[in-house]
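In this document, chain identifiers A, B, C, D, E and F correspond to the written order of the chains, with residue numbering beginning at 1 in each.
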Amino acid sequence: MGMKADIRLIDDNGLRIDGRLPNQLRPIRMEVGVVKRADGSAYVEWGGNKIMAAVYGPREAYPKHVQDPNRAIVRARYNMASFSVDERKRPGPDRRSIELSKVISEALTSVIFVEKFPRTAIDVYIEVLQADAGTRVAGITAASLALADAGIPMRDLIVGCAAGKVDGVVVLDLNKEEDNYGEADVPMAILPRTGEIALLQMDGDMTYEELTNAMEMAMEAAREIYRMEIEALKGRYGGDVNE
Amino acid sequence: MSNTSKFSEGVVAESKRSYIKRLATQGMRIDGRNFDEIRPIKITTGYVPRAEGSALVELGETKVLVGVKIEPGEPFPDTPNMGIMTTNVELVPLASPTFEPGPPSEEAIELARVVDRGIRESHAIDMEKLVIEEGEKVWIVFIDMHILDYHGNLFDACGIAAIAALNNAIVPASRYGFGDDFKLPLNHYPVPVTFAKIGEWIVADPNLDEESIASARLTVTTNEEGKINAMQKGLYGTFTYDEVKKVINRSLDIGKKVRDKILGDANGEED
Amino acid sequence: MSNTSKFSEGVVAESKRSYIKRLATQGMRIDGRNFDEIRPIKITTGYVPRAEGSALVELGETKVLVGVKIEPGEPFPDTPNMGIMTTNVELVPLASPTFEPGPPSEEAIELARVVDRGIRESHAIDMEKLVIEEGEKVWIVFIDMHILDYHGNLFDACGIAAIAALNNAIVPASRYGFGDDFKLPLNHYPVPVTFAKIGEWIVADPNLDEESIASARLTVTTNEEGKINAMQKGLYGTFTYDEVKKVINRSLDIGKKVRDKILGDANGEED
Amino acid sequence: MGMKADIRLIDDNGLRIDGRLPNQLRPIRMEVGVVKRADGSAYVEWGGNKIMAAVYGPREAYPKHVQDPNRAIVRARYNMASFSVDERKRPGPDRRSIELSKVISEALTSVIFVEKFPRTAIDVYIEVLQADAGTRVAGITAASLALADAGIPMRDLIVGCAAGKVDGVVVLDLNKEEDNYGEADVPMAILPRTGEIALLQMDGDMTYEELTNAMEMAMEAAREIYRMEIEALKGRYGGDVNE
Amino acid sequence: MGMKADIRLIDDNGLRIDGRLPNQLRPIRMEVGVVKRADGSAYVEWGGNKIMAAVYGPREAYPKHVQDPNRAIVRARYNMASFSVDERKRPGPDRRSIELSKVISEALTSVIFVEKFPRTAIDVYIEVLQADAGTRVAGITAASLALADAGIPMRDLIVGCAAGKVDGVVVLDLNKEEDNYGEADVPMAILPRTGEIALLQMDGDMTYEELTNAMEMAMEAAREIYRMEIEALKGRYGGDVNE
Amino acid sequence: MSNTSKFSEGVVAESKRSYIKRLATQGMRIDGRNFDEIRPIKITTGYVPRAEGSALVELGETKVLVGVKIEPGEPFPDTPNMGIMTTNVELVPLASPTFEPGPPSEEAIELARVVDRGIRESHAIDMEKLVIEEGEKVWIVFIDMHILDYHGNLFDACGIAAIAALNNAIVPASRYGFGDDFKLPLNHYPVPVTFAKIGEWIVADPNLDEESIASARLTVTTNEEGKINAMQKGLYGTFTYDEVKKVINRSLDIGKKVRDKILGDANGEED
């Protein structure tokens, strides 16, 4: 956040540089079952983001000392391909991806009936093949689809969505330029049926009003993304997608 | 990647768990505090004279020492006219039986990054005043957080110690022949406040026992203008939107009091 | 250092093992192919527009994405008038239950080095055209191979995707103020073809089941002039000299067909 | 040792740059029980050194293959905070701290009744918060206090103390300038009741006479430091401090 | 392979820069039993290569999860001493030595009766003390001798040998200059009694005819090296060297 | 951090332990030596012609190869007019069943640092003669110690091999265009001598069996002027002050003999 730029991010008509309205999402495409080797998988294209997620498990947790006798442990790994960003990224986890892996693991745990699978691990791998701002929320959305595809029992699908502030305006789903030159970003993960918030981060500079407006905008959009999730799962399975 | 936190005892006796929850139904906490009451804060700045800035912060029994080192170095290519800051947390095994030697754990990394975001996103340090020669040489501010005794809520202890140590720091220009030393220029004073959700209750500044049984955690960093600069939700539980709003509001109040303490204590004594 | 490969299920049911071998006595394979028949290839170039070049290759159900990044950097002291290339394979755990997070395994390293040798030894990239300023600045070509779904024979899938991505790559000279962008100059089109030995039989492009029970593996990389540029034998079994000669001959034939596909598909679509 | 300098380290009156006599210690302050989470702990301020030590154990040794069926293993870890020195030190162990951790572990083992706690580990963590020459001997002193505070049975307290040579003069307890520009340093750890030597290192350039003088000076001072240790422990516990 | 040079590697008489004929080996010297601590060991001097190999095992494989209940695992480790090459090499495995360790492990496994030693590891350590082109084939030869010295039952000794192409001529056993400036290298490991090929790599640029000529040349030379191996083992044991 | 050393068999049969101690009461050692007698030393300098200096040292059956590489590089900022030396020990698993592959263990680091201190503190290498261009370019001397057969007392074997290899080394100035090659300039010849305490007895140059049951170890490095340059006590036992004095005295005597051997053997032959 907060690099200064001479770029105007909101034009005189209140439109954004990619032509969107403040509360408009980028185009999103979802596909389930893309990794044959995995127990469940999904692909999400979200603006310029291309993200693949796969689930393995529940399977015996290894090494043994990480096993929890009362429930499954959920281990998400967020990883960016070296070529997913403008300047080549060195392979392997950096501090940012370690933090994101942690908060995504925690968010996913909140919806999974982990107590049904003691001593196991549910491994969720999120690969960012092309990055374009909002990778963590697109990634958690892909992960949610992959978990459903794997038949992991969950109390709700989970939806990732971000809002933020750009040129003083609260906007939904920041793109790359808005992320680079904007004033705040609020990535969230939401359980649409109950409105619970499973992931919440924020960085930038916002008043209380701006922040609550942004959160409400993201929660509203979550319902739309939720419908796409249902659709993507129906496309594969027909019928009921919940457990 | 795990969801059992290093910041917990792992297993808390079931009896203690029920006791804390039973107390909560009566609006009480195990150490006698109110839900919105934080533990006593003691700040000793200048604890490490060899560092350019330092602060030892005690938040209840939790003890954190932050040292700030400032050295010349190359700017990043895309910000030739800005200084650089880095943050690092060492969960040294001296501070807790649950900390292990080795490279930073995911807990240490999250902790460092949350403190980092609060300082960076509030533009607390005036980075443009840390240029020695544009594009060639700038001041690098290293914020190293050393945990010395872990009794819960490192986010706030570290965040408080970091801003107190920065506020205490002198840029050692004369040592490198770059003119007179000067106080590290600060624009803002971000303060993180952390809440834990225990059952249906939400308490400020959780102690170790509370942290051990909390289902969710939310840290909100606010500055002296009442702006929000950073948030971080943690753990495997969830918050409702109303709970989040309430937490943000309380963070603004508590943050203000803590900030007064930091700025008032700026010339405190070592204990 | 182990001899149970990450590229196998570890334990294949004995019944499947016998079944595959029984089929082989009749000249048949478990997926209906002939011994010299490779799986269908689908190539999608330009899959990652943010990269300077890219190709998604599906070889049967095996899926590999190669991204090429091209950045300016310093040449090696002993080759001041040549660009640089590096190759890297990420066996990301998304692609197989047998892949684990962490630094590159010996399997990933062997794979990257075999692909590297094919490209390097055939002088596929015209390295002398990648000099910006002799001895000072050259283009570095990073070939990163990301496995997305592992169903056997990564050597060929990676080798095909690498040369397809290179063939798709643009040197981003204008971004760095070094004149106009230009197509990455290629001189040759090396293609690896891999065979597995199962019992006494040798099959091209082994699938996952075949790989799991193979005793030996041989990859031969050939170019469009019919030259051999690289070979790599793997696994704990042996080949007779006659077998090796036969494998080299078949590699030349199959390599030619695959190369036609790569060059023909150069402007393919994403699936 | 041995960087040349134009600095005179001993003046015409035979005094050192900080005004001490050759056989005089720097001011030392000790405090016990400073880390509440630990089983035992101590803080030592010694000249400009600020050092904290904590003990955990005896506790089950982990990983299991390090367990000794006949005795406790003693694992000391000497660590310098990044900000403890003039030029920021990269976090994590370097070769020097690995060596010091090893010799301190060995020295502490020599006084602990390790055979009383088979299969366990006694972990001793020494954190140098500010460094000012002589950190290892100050650290071992702090560790000894922390072990006593933890109630670990020992056949003696252990005392760290160094002597060396500066401007051709044998001196006790070198400070930072003396360490940088002096001619030799002899760090020792001593069991004061028996005079046994549990840690002994030396670097520099000394004749046999100089070296033995230095060792005797350090052993003499060890008795003084020992009294401070007893005092610090009494301050906390009153009464008998040994086992 | 393939650095261009103005050097002529084959003179008008068809001789190589070290005076050898195209199909001539460099001088080779073998010695068995050079590491007393090991279960078996050998030293091979091959041109300027100086290579030591030692075998430990069969011994219980550790960590346990690498054990194979049906056979021994063979773990070769190829390592170059820092000072073995012109420009000092950083200690520790690089990508090249990891690859070589892998293919050597696989090649050695092909001759050892591994099913006789379930759950064990046979560790083979190859140290390159001075490198002069052809280290992997000299190393595998040393390893084979060390395995025989250790009494590990094998169905054949294994012989390493390379051929290649230099100035357009197919030649045996490239030396350092030929390796640097030549056109192709084909390292092989051969079971001389059956002619089986256990290791085969190649890099460079060769026609089918050149490649098959090179392989035949290496296989021919393998018989000569095999005789040296037998001789070296006889020198130590007299009598029968197989099993 | 452990106190079971890699330099021991771990468990020595109790019977052997008693036998060695029983012998000691009669002034005898398991290999027939006197308490102050070191094992035979064989030194082969120039063993690795590709290195700038090298020495293979056999101390009894213990075998160590030291190679010295000398390359140009940048001086440290605080010593612009001095060359640089680094030492490294590789306890390669070839040399002992107790050595494991991987990054240097604490044993390897201690060993390297003790040898390093002996050479550095005695100012053995004339560092001021290793400057190519003050503040810009100096010679870096890499001393790499490769253990080839471990039968006890690596401290002395490494220390002897290191000084012998340095004494054999040529600075390769001509290779880099910095004038004529010249012999690495040495001012001093430090030699470490190590003693082990077994029960109440102290023996010089302990072999593997003795090392395995020793309670304490003391290495004293002395130079040709009779000065002491480095000491290192190891293991979990203690020494009395009288024992230390005795050890220092003996080290001076034995060190002298070993030094004569090193300087006399300077042109020895490979075995």
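Convention: a residue touches a chain if its C-beta (ideal position, glycine included) is under 8 Å from a C-beta of that chain, and two chains touch if they have at least 3 such contacts.
On a predicted model such as this, the values are computed, not experimentally measured, just so you know.
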Centre to centre, by mean C-alpha position, how many angstrom separate chain A and chain B? 26
Taking each chain's centre as its mean C-alpha position, how far apart are chain A and chain C in Å? 32
Using CA atom averages as chain centres, what separation in Å is found between chain A and chain D? 51
Shared-contact residues (touching 2 or more other chains) in chain C: 104
Touching at least 2 other chains, the residues of chain E are 77
Work through the pairs of chains, note which ones touch, and then classify the graph as line, ring, star, complete or other. ring
Ring walk, chain A to chain C and onward: A, C, E, F, D, B
For the complex, which residues does chain D have touching chain F? 1-3, 66, 68, 73-77, 95-96, 98-99, 101-103, 105-106, 109-110, 184, 186, 191, 195-208, 211-212, 215-216, 219
Can you list the residues on chain F that touch chain D in the complex? 1-4, 78-79, 104, 106-107, 109-110, 112-113, 117, 120-123, 218, 226-241, 244-245, 248-249, 252
For the complex, which residues does chain D have touching chain B? 34-38, 41, 48, 50, 52-54, 56, 59, 77, 79, 81-88, 91-93, 123, 125-127, 129-132
Which residues of chain C touch chain A in the complex? 47-51, 54, 61, 63, 65, 67-69, 71, 88, 90, 92-97, 101, 103-104, 142, 144, 146, 148-151
